[in-house]
Amino acid sequence: MFEAIAFYLFSILTAVMFYITVTTKQALFALTALAAGMIFISAFFFILGADFLGVVQIIVYTGAVMALYAFGMMFFDTTRELKERSGSPLITAGLSILSAVFVVLIFVAPIVSTKIQVTAPLIAGTTNSQSIGMVLFTKYLVPFELAAVMLLVAMIAGIVLAGKKMDRSLTLMAEEEIMIAEEANRKVLL
Amino acid sequence: MELYLYIALFSPLVGALFAGLFGASPKTLLTGVVNSSLLFASFLSSAVLLGYVLNGQTVHVEMMEWMATGNLYIPFGFVVDQVSVTMMMVVTTVSTVVHVYSIGYMDHDKGFNRFFSYLSAFVFSMMVLVMSDNFAGLFIGWEGVGLCSWLLIGFWYHKESATWAANEAFIMNRIADLGMLIGIFLVYWNTGSLQYDKAFAVMPTLDNMTLTYIGVFLFIGAMGKSAQFPLHTWLADAMEGPTPVSALIHAATMVTAGVYLVVRANPLYHMIPEMGLFIASLGAFVAMFAATMALVNRDMKRIIAYSTLSQLGYMFVAAGLGAYWVALFHLMAHAFFKALLFLGAGNVMHAMDDELDPFKMGGLRKSMKWTFIMMTLASVALAGIYPLAGFFSKDAILEVGFVEHHYVIYTVLLLTAGLTAFYSFRLVALIFHGEERYKVFGFHPHEAYKFVLIAMSPLALLAVIAGSFKSTYFEMVTKILPNTEYHIHSEVTEWTMIIGTQLFVILAIFFAYKKYINFKGENKEFEKRLVYKVLINQYYVPYFYEEYITKPYRELSTIFWKKVDLKVVDATVDCIANGIYKAGENTRDMQNGSLSSMLRWMVAGTVILLSLAVAFGLAVRYADEISAVLSGLGA
Amino acid sequence: MMEIGLTHYLVLSTVLFSIGLLGVMRRKNLLMLFFATEILLNAVNVGFAAISHYYNDLTGQMFAFFIIAIAASEVAVGLGLLIAWYKRHGNINLDAMSSMRG
Amino acid sequence: MLDHILSLLIFFPAIAAIMGFVVHKESAKAFGVAVSVIEFVISLYLWFAFDTNVSGMQFMENISVVPAFGINYLVGIDGISLFIIIMASFFTMIGIASLGDMKKIKNLVITLLFLQMTMVGVFAALDAILFYVFWELSLVPMLYIIGAWGGPLRIYASVKFFLYTFTGSLVMLVGMLFMAFLYNQATGVWSFSILEWYRLILPLNYQLWLFAAFFIGFAIKVPMFPFHTWLPYAHGQAPTIGSVILAAVLLKMGTYAFIRFSLPMFPDAAAFFMFPIAVIAIIMIIYTAMVAYAQEDIKQVVAYSSISHMGVIILGTFALNVEGITGSVFLMIGHGIVSGALFFLVGVIYDRRHTKMMSEFGGLASVMPRYATIFGIMMMASVGLPLLVNFVGEFLSLLGFYNQSHIATLLAGTAIIVGAIYMLSSYKRAFFGEVTNEANRKLPDVNSRELLALIPLTIIAVWLGVYPKPLLDPINSSVKSVVMLMHEKAITPEGKSRIPSLENKVTTQTSEAEVK
Amino acid sequence: MLSHVNISLESLNIATLVPMLIPIVGALFILVLDLFKKDQRKSMYVMLSLLFVMLDFGSLIDSSIDFNTNGTILGYFDMMLVDGLALLGQFIIVGASILFIPLALTSKRFHEFSYPEFFALFLFMISGFQFMVATDNLILIFIGLEMASLALYTLIALHNRSKSFEAAVKYFTMGALAAGFFAFGSMVLYALTGSVEIHQMAAVFNADEFANLPFILVGVVFLLAALGFKVSLVPFHTWAPDVYEGASASMAGYMSIVPKIAGFVVVMRMFEFLIHSGVVWLNVVLYAIVIVTMTAANIWALVQSDVKRMLAYSSISHAGFVMAAILIGTTQANSALFLYWILFTFTNLGAFSMLWISRQKNLAAGQSSDHSYNKFAGLIKVAPISATIMALFMLSLAGLPPFALFWGKIYMISAAVSSGYVVLALIMALNSAIAGYYYLKLIIYMFMKEPEIDIESKVYTMNSSVSLRTIIGIAAVGTVFASIVVNPLIEFITAFVYNSGY
């Protein structure tokens, strides 16, 4: 019963928040709504017993990601009202609703498979974090490490792209210009 | 004997090549002399062969293989037998004369050498035609003479009318040649060979239908070459060529090739008498038809050409009725006097600066005595007056008609004989008698060179005496041809007929003289009559061809090109290509550079796939229900 | 209805995903567009967690975990790109990006 | 030497072409002539060494290229391909020798040598993929020749030529792959060897489909109505040398392929499709002849006449008997020589006046008598005058087909009429009459460089018309084996009856020999 | 309670990780090197990267020898899967990288090469793709894919001009959407099977005989969309032309090869079992997608005025062509896919390199894009060798024998024909004909038109250097003499594909 109430409550809340995120004209609203939605999502995780995931969600998303976005918003000066010319709202809305309807249409039927064999079963008597740790560092060690590398890649990418060096494009400069610029650079360095 | 055969056959070719070497250079008398000598050599060889054949022997050689594939075997084989030797004699005699004559006639022409080259080439082709021992070889000669005819008719190629006539002759002959080709195919597939002897040996085993087909198609070929109705129009137009050409090709030799073919194929036509009757009827019709056109024509050469046409009709009557030897005999006799007639006409033309209208001449007998004599002789022979050549040959044909009980044909031919006499002497009268009308036009006629006249004299001689060879000839040629003699049973009838005919002809001559000897002005009244109009317009046949065949063909061609080929066939191809290209042009906006629409496309693609998935999923899930519903609907 | 099953979560996930799609398609501001992509991933995460829960299997949670990591990386790169673009053009409007077409 | 003479023949020009890049452009033509003369001599040697009594393939070479997929470098020739190869090398030789001053002549010579490789390759290939390789590759040099040295519409023409034939041959490729698949099904191994494929007896419906697939490729190349529209453009725009080689050799690829592939592999389909194809052939003959008649450009007349003649070749091929097929092979050579020569001739006048419109000419016979004479001879050869080369082929083709259908042959036989009509009228318009255009009054007659090309062609045209035996015999024996194979392979009653059995013919032949 | 996990190191088969680890180590090495010693020359980094990638290639050879003797190897809790497909995929990925890295050695300076990070990211990307193909776990596939993609977006953007940013942002955004699709699709399949490993899914589906077909299809649709995006199937292709145009030619060439083959391997793993188990829907849909992709891309390529953009559409079309292999699904078809792609690598490498060496920094007068057709007009007069080589690549792309792609094409069409897809084979053939037009167009511009812009021959080799010319030479040789290597390739590939059970 509690579960049901919580589910519906959070469902509605998340849906509304996300809806606001995608429709509002106020960038700030959108950001706030997104953050709120994410937090509500973590509620589902907790309901479903995925405590670790819930925590990660709050920390990574609401903490890190939203902070990045907030920073971005300030950088891009999008705090004021957005002026968006929406191309063809009908198509847009139609497509998304259709996709939802189709999937839902299928999902309302229960899955009938009986042959499901889980690969990483929950280990009885452990906390969620423990068992996740167990799986993460055995079976999913490779993806985990790779994810780390991926984050490294993302970091390098972010740094390089946002870096000062990008302000001047060697691609567009003629060779002579590059020479001059390098000389100038050296003088500064000296 | 083979040597003589090869000399007879190839010396004209040597001449042609020799003259051809100088083809583009200005006149060298040498070519004329050399070619004439070569032709004379050919004539002598033919004569030797004739002597050989008269002894009852024939020569048959196979020079080399030409085509051989599958079952087909065609050699270059030549046969000198009684039939071909006749033709060889005719061809070589007339052509030798014409060659010598041409030295004089073409004296001032730029294309002197070229002319001799063509002329000799023609003789070679003609020799191939008559000497070949198979249908394919015959066809070589057949086409070869066609080519030479084209070259010679169009000899003065700067004249529009000459080139037009040349093309007409070639194309019309080609139409007939197709028939001949089909005939040859039929022979091959039914008898397995194209050799005369083998093919004719097999023919009796074939059914009548096949034989008729073969006969019909071969005869179509003959119709073209011999200018039988309805393929006759080219012959009159062919008179655009130099006169010696008309004498040689369009009177004496080439046009008789059709007759030769029918004679050659006598074993075949013998088996299909219905076809023979048709040939005879057509021949009779053409004889009359052409003679009527000659009555009113105002072109000297055309008149003679129509006369040729008419005489060819006679020959076909004989050949069609099975009197092959008679046909051949008339062919021979006709060759001599008709060539003579043409050469005489050539002299007149030369004298009159190529004027062809006899109404502008008159009284030429004073200045051109020898020509006058020879032409008159030829005309008498043509008219069939005893004892000249024409009498023996033409009367024989009349007799054939009578004896074979084809009285209609006989009557037609008899009437034609009268017409022939009439128009021949109309021409003689207009040219040589009466007032000297040419003076008005400022002509200064003169007699031809002496050697020209001498060259013509053998023909004149032959025109006179050829009839006397009749029995000898009969002896010889019937060794391979059916030896039917045509004698009217009762002598009274026979004599009545001969005398009657002679009287009729003489009457016609007299009438012609009377009407035209003192010709003053033109008979305007007569020219308004329908008869005249029909005749002068050649029964509107050329008009019909021009309006209903040539023009539509030309227009259809243009339509095919401009409308069908460019607008339909090609346009379809381009349309497909352009369609594809346009499709690209029109849909490239899908890629409008906007990220939003890109994303939308992606989602749209997914949604479409989803909808398909749903539809499919539902269909699978409710397969039973769907089939139940469908069966309920009666599907 | 009151018994919350896997289906409920899947439907929820779908609905949220569709909202994300809606955003992806209609947003012209790139930053806002990125928000929408986050929604997509979050929607999926809910689904994974639910399945994981109902199957008693940790794989789903692992997947969700990695999705979060991916989302985080994407944000970094995405923002990097946006900054680079913004420095050059002074806006992050999607409609400004259509120099290539056809 | 003898063992690899075909490879030598195929790759010698290509290697020479590559080396040609180094040759200075002043000497490029001389180099090209030298190479092509050597090539021609080798091809003559091929003839010399050819054993006429053998009806099968000779000089075979086999090197595995992709054994896993059954693709081999397999070449060999028989009587059918021998002369076309010789003709290809001959035309390249005289083509290069008669080249005038052209821009980028070095590129042209190199291109021609490459083209020669592909041409020889096509006719020597006995592996379907190898065949296809050369077949496709031949498009490229031709594309370049038309596109770079052509007239104002050259790009359109060259693209049309390329894409059209390319499309067709891709369909053919699918057919080839399917054929290989069927072979694989039957034997368990992959093979693209034509000789292996010959051994396969296919059910009728496969035959029909495969025949159709191959047909599209070949028909476009030939070109058959209604796929012919690329040809007038290609010829109209191509430089003389391009037209010559296109007409003389490249078009023959299609008809040759019919005999090499379609007939022996799908005899029943060939019999089945005989009448539809005969109808197409008749349309080609009459319709294109009429279109040719309507042309105003003398080169287009020759171009359309090519199509018309190709109709006769097709008809002969589908006579399905020895006479017809031999005739069509011979006509391929004949038409090659004649149309090649005619294109040369048109090129001669084009070089002088830079126009090909007949209305611009008239009376050329008096200005350029030698030219007019050679043109006349070739024109007469083209209309099929006996004792000239085309007649032999046309006669045999039509003769052969007559056994299959009388009416069709009658209609097709109008080729000799309609051919005469357009040829003579064009000749009349260009050569006869008075010289009306002042520009024509001082035209020089053919020069020695042009005669270098034209005289040999004239001689060959006459020689082969008078004495075709040296060619007919080898062709005949190879065709015989083809027909024999077809008869044996035929499974439908129609096929059996349409394709003659040659067993009893042998006896008649000996009896004929006795009669001789 | 948690118990200790005892796993023997041997059972982990750590060796399976080695090929992927080498580029990662290399990338880190470069980063560290940059930390310690700044301002090193580009050529050093290129060679260093090349070394690592070659090392990678060597280790792959080692693995393939191992595969030949032991068959498919599972490693690291079955996370790694080293079968024939994985090895072939990696061979192409690493091999193509070896060929493309030297393209950085241009004579002109471009922005991206001034970053050591460029090379590090490049190596990371290679590793990511390698991971993608060497596993059948959707999670690892996803991470590998994202890692590689993120690096790729950055590499594109580093070219540092307006168009390359635009390209990167477009690619990135669509990639993010595709990632969402991938995640969603995986979720659905996971919901159905309780597993994220493809072979496990296949087992479950087969066990209950596709009872949840509609569900399966939903999952398949989303995965198809996500992977279709990666391999650029219509209508998920829209990024491709813009990104190719925006990226530098070398990067565009790379993109046309490597990410796609990685995508194809995943697609093959994902869909092959579905096709073989008779999901009619998938057959139909794939059939449609293959045809639409081939045809539509060809049609759009026709109307392009920029060579690079044309090549972009052409590579979409080629992708559609290759996708047919997966639809056909026989061993021959799957082998044909790899054969085709290897040959395609050489040809496309050549074509894009030719564009790359003609790259100018500033557009010449009258030019609207870097590689417009009329820039190449009359090339034969100015730079005959360049023109000839470029024509060679175009002819190969058109599938003209005996150049490289022809062999791939016939093997592919033969596969189609052999399994009854005759109509498909015909459509493939006809599409090749359409494609002929736009390849021909370039040849026509080069060989038959007069030069439109008055430029010297230098322009066409503006960016050339010995290394670039060498690469082009390699590509040209590979294109021309492909017929020699086709047989060993077919045998090699077929053995690998067959032994992997595809």
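Order of writing sets the labels: A, B, C, D and E. Residues in every chain begin at 1.
Note that in this section a contact is a pair of C-beta atoms (placed from the backbone, for glycine too) under 8 Å apart; a residue touches a chain by one contact, two chains touch by 3 or more.
No experiment lies behind these values; they were computed from the predicted model shown.
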Check: Starting at chain D, how many touch steps does it take at minimum to reach chain E?
Finding: 1
Check: Of all the chains, which has the CA centre nearest the overall CA centre?
Finding: D
Checklist line | Label of the chain whose CA centroid is most distant from the centroid of chain B | finding: A
Note to self: Which two chains have the greatest number of C-beta pairs in contact?
What the structure shows: A-C
Note to self: I'd like the Å distance between the centres of chain B and chain C, where a centre is the mean of that chain's Cα atoms.
What the structure shows: 94
Next item on the list: State, to the nearest whole Å, the distance from the C-alpha centre of chain A to the C-alpha centre of chain B.
Entry: 98
Check: Just how far, in Å, is the C-alpha centre of chain C from the one of chain A?
Finding: 6
Item checked: Approximate Å spacing (C-alpha centroids) for the pair chain C, chain D -> 65
Notebook entry, point to check: By residue number and range, which residues of chain A touch two or more other chains?
Noted result: 87, 91-92, 95-96, 99, 102-103, 106-107, 111, 116, 118-119, 131, 140, 143, 147, 150, 153-154, 157, 159-161, 166
Check: Tell me, which residues of chain B touch at least two other chains?
Finding: 577, 588, 591, 593-597, 599-600, 603-604, 606, 610, 613-614, 617
Item checked: For chain E, residues that touch 2 or more chains besides their own -> 139, 143, 146-147, 150, 153-154, 157, 160, 169-170, 173, 177, 191, 194-196, 214, 217-218, 241-242, 303, 437
Next item on the list: Go through the chains and record each pair that touches.
Entry: A-B, A-C, A-E, B-C, B-D, B-E, C-E, D-E
Checklist line | chain B residues touching chain C - in the complex, by the definition given at the top | finding: 588-589, 591-596, 599-600, 603
Notebook entry, point to check: Residues of chain E touching chain D in their complex?
Noted result: 380, 395, 398-402, 406-407, 410-411, 413-414, 417-418, 422, 425-426, 429-430, 432-433, 436-437, 440, 443-444, 447-449, 483-484, 486-487, 490-491, 494
Note to self: Looking at the complex, which residues from chain E come into contact with chain B?
What the structure shows: 169-170, 173-174, 177-178, 181, 213-214, 217-218, 220-222, 224-225, 228-229, 234-236, 238-239, 241-242, 280-281, 285, 296, 299-303, 434, 437
Note to self: Give the list of chain B residues in touch with chain A in this complex.
What the structure shows: 594, 596-597, 600, 603-604, 606-607, 610-611, 613-614, 617
Next item on the list: Report the residues of chain C in contact with chain B in the complex, numbered from low to high.
Entry: 21, 24-26, 28, 94-95, 97-102
